[in-house]
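Alright, structures below, take your time with them.
Heads up, the next two complexes both have chain A, just with different partners, chain B and then chain C.
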Partner chain A sequence: MRSSRSVDLSLTSPWTVTLLLFWAFPVAYSLLIGFTDYRLLIEGYRWVGWDNYRSLFRDPAFLTALENTFIFVLGTIPVTTVLALGMALLVNRQFRGRSFFRSAFFLPSITSMVVIALIFTNLFSRGGYIAFLAEMAGFSPPVHGFLYDSRTALYAIMGMDVWMSLGYFMLIFLAGLKSIPDELYEAAEIAGASPMRTFWSVTLPLLRPVAVFVVVINSIKSFQVFVEIFVMTRGKFDTATGVYFVYEQGLTTAFRMGYASAAAYILFVIIGVFSVLQFLVLRRRTALW
Partner chain B sequence: MVDRRHPLLVAGRYLSLTAIAVVMLFPLAWMFRVGFMSPVDGLGVTALTTAGWTFQNFRDLFTQASLGWALFNSILVGGLVTIGNILFCFMVAYGLARYHTITNKVLFASVLIVLMIPMHIVTIPLYLLCLKTGLYDTYWVLILPWLVNPIGIFLVKQYVESIPPSMEEAARVDGAGELTVLFRVVMPLCRPALAVLAIQVFFTNWNSFLFPFILTSRESLRTLPVALALYQGHQAVDWPHLMAGSTVAVVPILIVFLFMQRQIVSGITAGAVKQ
Partner chain C sequence: MLNSILRALIFFLLLSSAVAAQTTIEWWQFWTDPDIKPTIVAMVKEFERQNPDLRVNLTDLTWANGHEKIAIAFASGAAPDIVELGSDWIAQFASAGRLADLTDHVASQRLHYQGWTMATYNEKVFAKPWILGTRLLFFNRDLLKRAGYTADFAPVNWAELGHAIAAVSKLGSGIYGWGSNTAEKHRLYKKFMPFFWSAGGRIFSEDDRFCVISSQQAIEALKFYKSLHECCGYVADQRGIEDAFLEGKVGFVISGDWLLKRIELEERRINLGTVVMPGPGPDFSTSQVYDPNLQVTAYPGKSFMGGEFLAVNADSKNQLGAVKLIDFITSPENQLRFCKANRSANPSSREAQLDSYFQSNPHLQNFVMQLNLSAHPPVDPNWVYMETEIEAAVERVLFENAPPGETLRQLQKTITNLRKQ
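Then we have the complex of A and B:
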């Protein structure tokens, strides 16, 4: 083939450019300025070594943000995973109206996060629907609404996150269920296994890779929660998470970009370690089942 | 498999399905309803029965607030980014699928790595980069960085690899140039994958908030999510207008969803099950 090398290089050039300019450079650059006291509006900066990292771990705002992030991740993921699997099982079999229910459950997943956050700000308000439901159930809702109370705000946002993630992960589980061969179910039926038994011994073990995917993807997503926090509380009432802290430090009033970049890298490392751990732990247990 | 179980079990199934459907659909239905409410608080349970229906909120948004601009921006940016992704993801995917060089191995590895990089790590450097290059607060910044994306490359590359290269070879033997082979022979064959890609990119872009928010400041450059998120901000929230604006942002997506569900679903599950 004539000059196939240059054809090849020009074919892939859009990615090469995007990769270098918008990914490789930023990732390297934020590592670098994480070791400086760089601020946007102040001329000049100096190398401060690990100082940013040291002060971050002594910064109560950052520690609270980390704590909130972990509460968010560890609180939402088990609930989302179990409910999404349950919903997938409910709509897996053929029955009348199945596609309606599937679409209905999936609808929140294609809706803009900003819109969902606005709707739930309304629902969580004082005098809103969720306060009404809480009263009906015999609870007394927070006086100023769920989002204006440090005891409930973060959990309210977590509840919304579960609601909006269910449809997407249901679809992933459905795809996983479809990939389980029918013969296995037939074999289980011939062997006289009860539906419960079949679920525990056939469905669940074979769904393991999909479940690993769901948990890992969901935690990577939840570790970066930002939009909901920005729209619903602006980080107030004890809801600031890691990425919100990065935004607040680096891109608002003080523009402490060095400090914020160091915080971003700490989160980056936590996400990386967490994903690898989950992957190893969830994979390992396959042998036991 | 048709459900041949006890009628009570079937009833139980439908009951739980309906309950879940109500929980999943109510917030969106409420948004729609409040968007059409005449000026009331648009909050409480009583508003559902007492408030009237009106188009006034939508009229206000397009005449007084700049929602028309935001809608225009979202359509323009979404359209250009989608076209860019169809073209560039296809080119890159074809290159990676057909030319097995060391450079391409490295490039494909970079696609997979970028897929795993959390977005937040690039926010600050990207902000600085755009500030220094003059891209900040222009249309360019809403478009240029997003013209090709790793998931798209991955998706289309899988598809190109499933197409036998004999067609391309036959075309080359007939004297077709590389461009003809690329755009007249292979691209039409990839249409199903490109449709999936297009919808996925358009949806992501239409709903995207973080980067349009960080990288622009002018009101005339706001896309719908940015305009809506910043419309709030006051203490007493004007719910009917805000929910009317939200309805404007949701309805186009809803229409595409109703007509192209199959493509949307296969786009979402493409990466998941192959693991």
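Then we have the complex of A and C:
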């Protein structure tokens, strides 16, 4: 028994050591330095207790970043989820060119985020394609382009994020749809249920675990949005989000690692609470479907 | 058999002791382009040939995250022996005690190089100037011609510049007079400060005791800069602005010598004009509050000056070797070699500056002239924070219609507080 345990431990040790060294230690260490005034270039640091946390909740830049993060999360998740489900339903049907559409919808998910962000920076620019479409539709686009106006920049990035995430979540929904037994649809058809009724009474309830997964994963991903902001606006025009704030405080000009660590822990708690709430609410709600 | 094993062992020991006698100098640098990196490598190889006891290990950095990497390396005790630093960073690293004091070593070299003030903090020299850089006004002559200007026109004061930019902007949709920077850090202030300095603005008073950034001259400069942005600005990051300029969509941009290199390497067909930054001129008046008695700099105006410096890690065990390598790399011959390979316009070596190469091209001549008409930001450990605040203030004026006077007064308070910290 003992030797079996030691074999288990030795076999899992590469993973365990890696986890302890590169995940557990940094996580614990950053929790600790969140209570100090540690700066990268300054020798030594002082224990400041909860000062960093108190200062953060009085820091307008952090509060704006939190607000932007919530706008991002709450704005993108419902749209992404509904559209991804719709697309999954569409490409789940039999029609010519189905494989092409499945691949085309999934393509953005395997393209580099930086490349997509650069392409969209161009599309959103003054005189760019999206401004051109807006003008054709009778709207007047922002003078300097969508990304260089505080009223539109964050929403433009959210739009791009939805477009980019759709394919990935469509694929997850598609896998969920494939797992629903055909007999249930046949039974619904025999019972004379309309397609809409079948969707509400068969498809949606059976997709419940997949939907919860999609919403939670998408929430975590959206709370951590960074690359888009970094590439497209550098947090300017009211687009700085929580993670961008952490980056800017800890790893750019100020190198305030203590302050940045405290901000990261606030985000960590928010994401944790939000995820648990989503699980609880969606479980209860989906039980009614 | 035993004899041959013994011989092999002795040979191996001799070889390994020879290798062990070599000292390795770690050098972190930013020149990664395929057209310049081989020159750096060749210079290093030549240095190693001349100094068989020294080996150089090169590590490339990028401008996107080089500053962070250097800071993290210093904090973790893993910094290299030599590090290339942008001029704006020297005071930050020097004040934190991370750089070796080179004052005595460079004492005899001071007259032969330009740019020492940017490397001097608390009256000590912490880095040696390598390649300097300034910004010029670039313009598209074809667009100016279409706007009714003669082939030899170049704006010599703000009024002429403003009119020319407006005229180009009127050429039609998709054509803009002016490239206006945003969406990245460390860029915008380098575009605004030439106007600020040209108008006679100062960040600190002459005795260096007070922040005076909200002077009337500064307000005038910001109003003028805003007028260019509002009437005719093509807004993008530096790369985006330069792309649009090279595609013939933008009339005027402020840029550095890297744009000349890009035009040459990409074989861009552009009827290019360059001119040193225009000053406000004696008859400048674009605002109601313009004071004709204002002390203004006559044409030409000032531009931004910065550069690449080589510094030695204060904790380096190989400081002698490091300084030797720095002297080799920054020698007039090697600077010239570097400038020719990289199409750089501004070596720090005064001897290299006199080379006929820089006289052979009118644009390079303009860069040399502009370098001598340039100013650099204060050498202050808090400059990196001040710079961020200046950029934020200018952006508030440009994009949120914040009033220039009030915004600069607020900025003055912020910078004063930063200095107190």
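Just so we're on the same page, the second predicted complex is superposed on the first by the 279 of 289 C-alpha atoms of A that agree within 3 Å, B and C clash if a C-alpha of one lies under 4 Å from a C-alpha of the other, contacts with A are read in each partner's own complex, and residues count from 1 in each chain.
Everything that follows uses one rule, which is that a contact is a pair of C-beta atoms (placed from the backbone, for glycine too) under 8 Å apart; a residue touches a chain by one contact, two chains touch by 3 or more.
In this text, all values refer to a predicted model and were calculated from it rather than measured experimentally.
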| item | value |
| --- | --- |
| First, second, both or neither for A:269, with chain B first and chain C second | neither |
| Touching partner for A:191 - first (chain B), second (chain C), both, neither | neither |
| Touched partner set for A:280, first chain B, second chain C, both or neither | neither |
| Partner chain in contact with A:237 - chain B first, chain C second, else both or neither | second |
| Partner chain(s) touched by A:127 [first = chain B, second = chain C, both, neither] | both |
| Chain B versus chain C as contact partner of A:171, first or second or both or neither | first |
| Which of chain B and chain C A:91 touches, first, second, both or neither | first |
| First, second, both or neither for A:163, with chain B first and chain C second | first |
| Partner chain in contact with A:251 - chain B first, chain C second, else both or neither | both |
| Which partner, chain B or chain C, touches more chain A residues | B |
| Common interface residues of chain A - those touching chain B in one complex and chain C in the other | 40, 121, 125, 127, 251 |
| For the chain C and chain A complex, residues of the former touching the latter | 67-68, 71-72, 74-75, 92-93, 96-98, 173-174, 180, 182-185, 233-236, 240, 384-385, 388, 395, 399-400 |
| Chain A residues within the chain B interface of the complex | 1, 4-5, 7-9, 11-12, 14-16, 18-19, 21-23, 25-27, 29-30, 33, 40, 87, 90-91, 93-95, 97, 100-101, 103-108, 110-123, 125, 127-129, 132, 163, 166-168, 171-172, 174-176, 179, 209-210, 212-213, 220, 223-224, 226-227, 230-231, 242-243, 246-247, 250-251, 257, 260-261, 264-265, 267-268, 271, 275 |
| Residues on chain B engaged by chain A in the complex (per definition of touch) | 1-3, 10, 13-14, 16-17, 20-21, 23-25, 27-28, 30-31, 34, 41-45, 88, 91-92, 94-96, 99, 101, 103-104, 107, 110-111, 114, 116-129, 145, 147-148, 153, 172, 178, 182, 203, 206-207, 209-210, 214, 224-226, 228-229, 232, 237, 239, 242-243, 246, 249-250, 253-254, 257, 261, 264-265, 268-269, 272-273, 275 |
| Touch list for chain A against partner chain C, complex | 40-43, 121, 125-127, 144-145, 147-150, 232-234, 236-237, 251-255 |
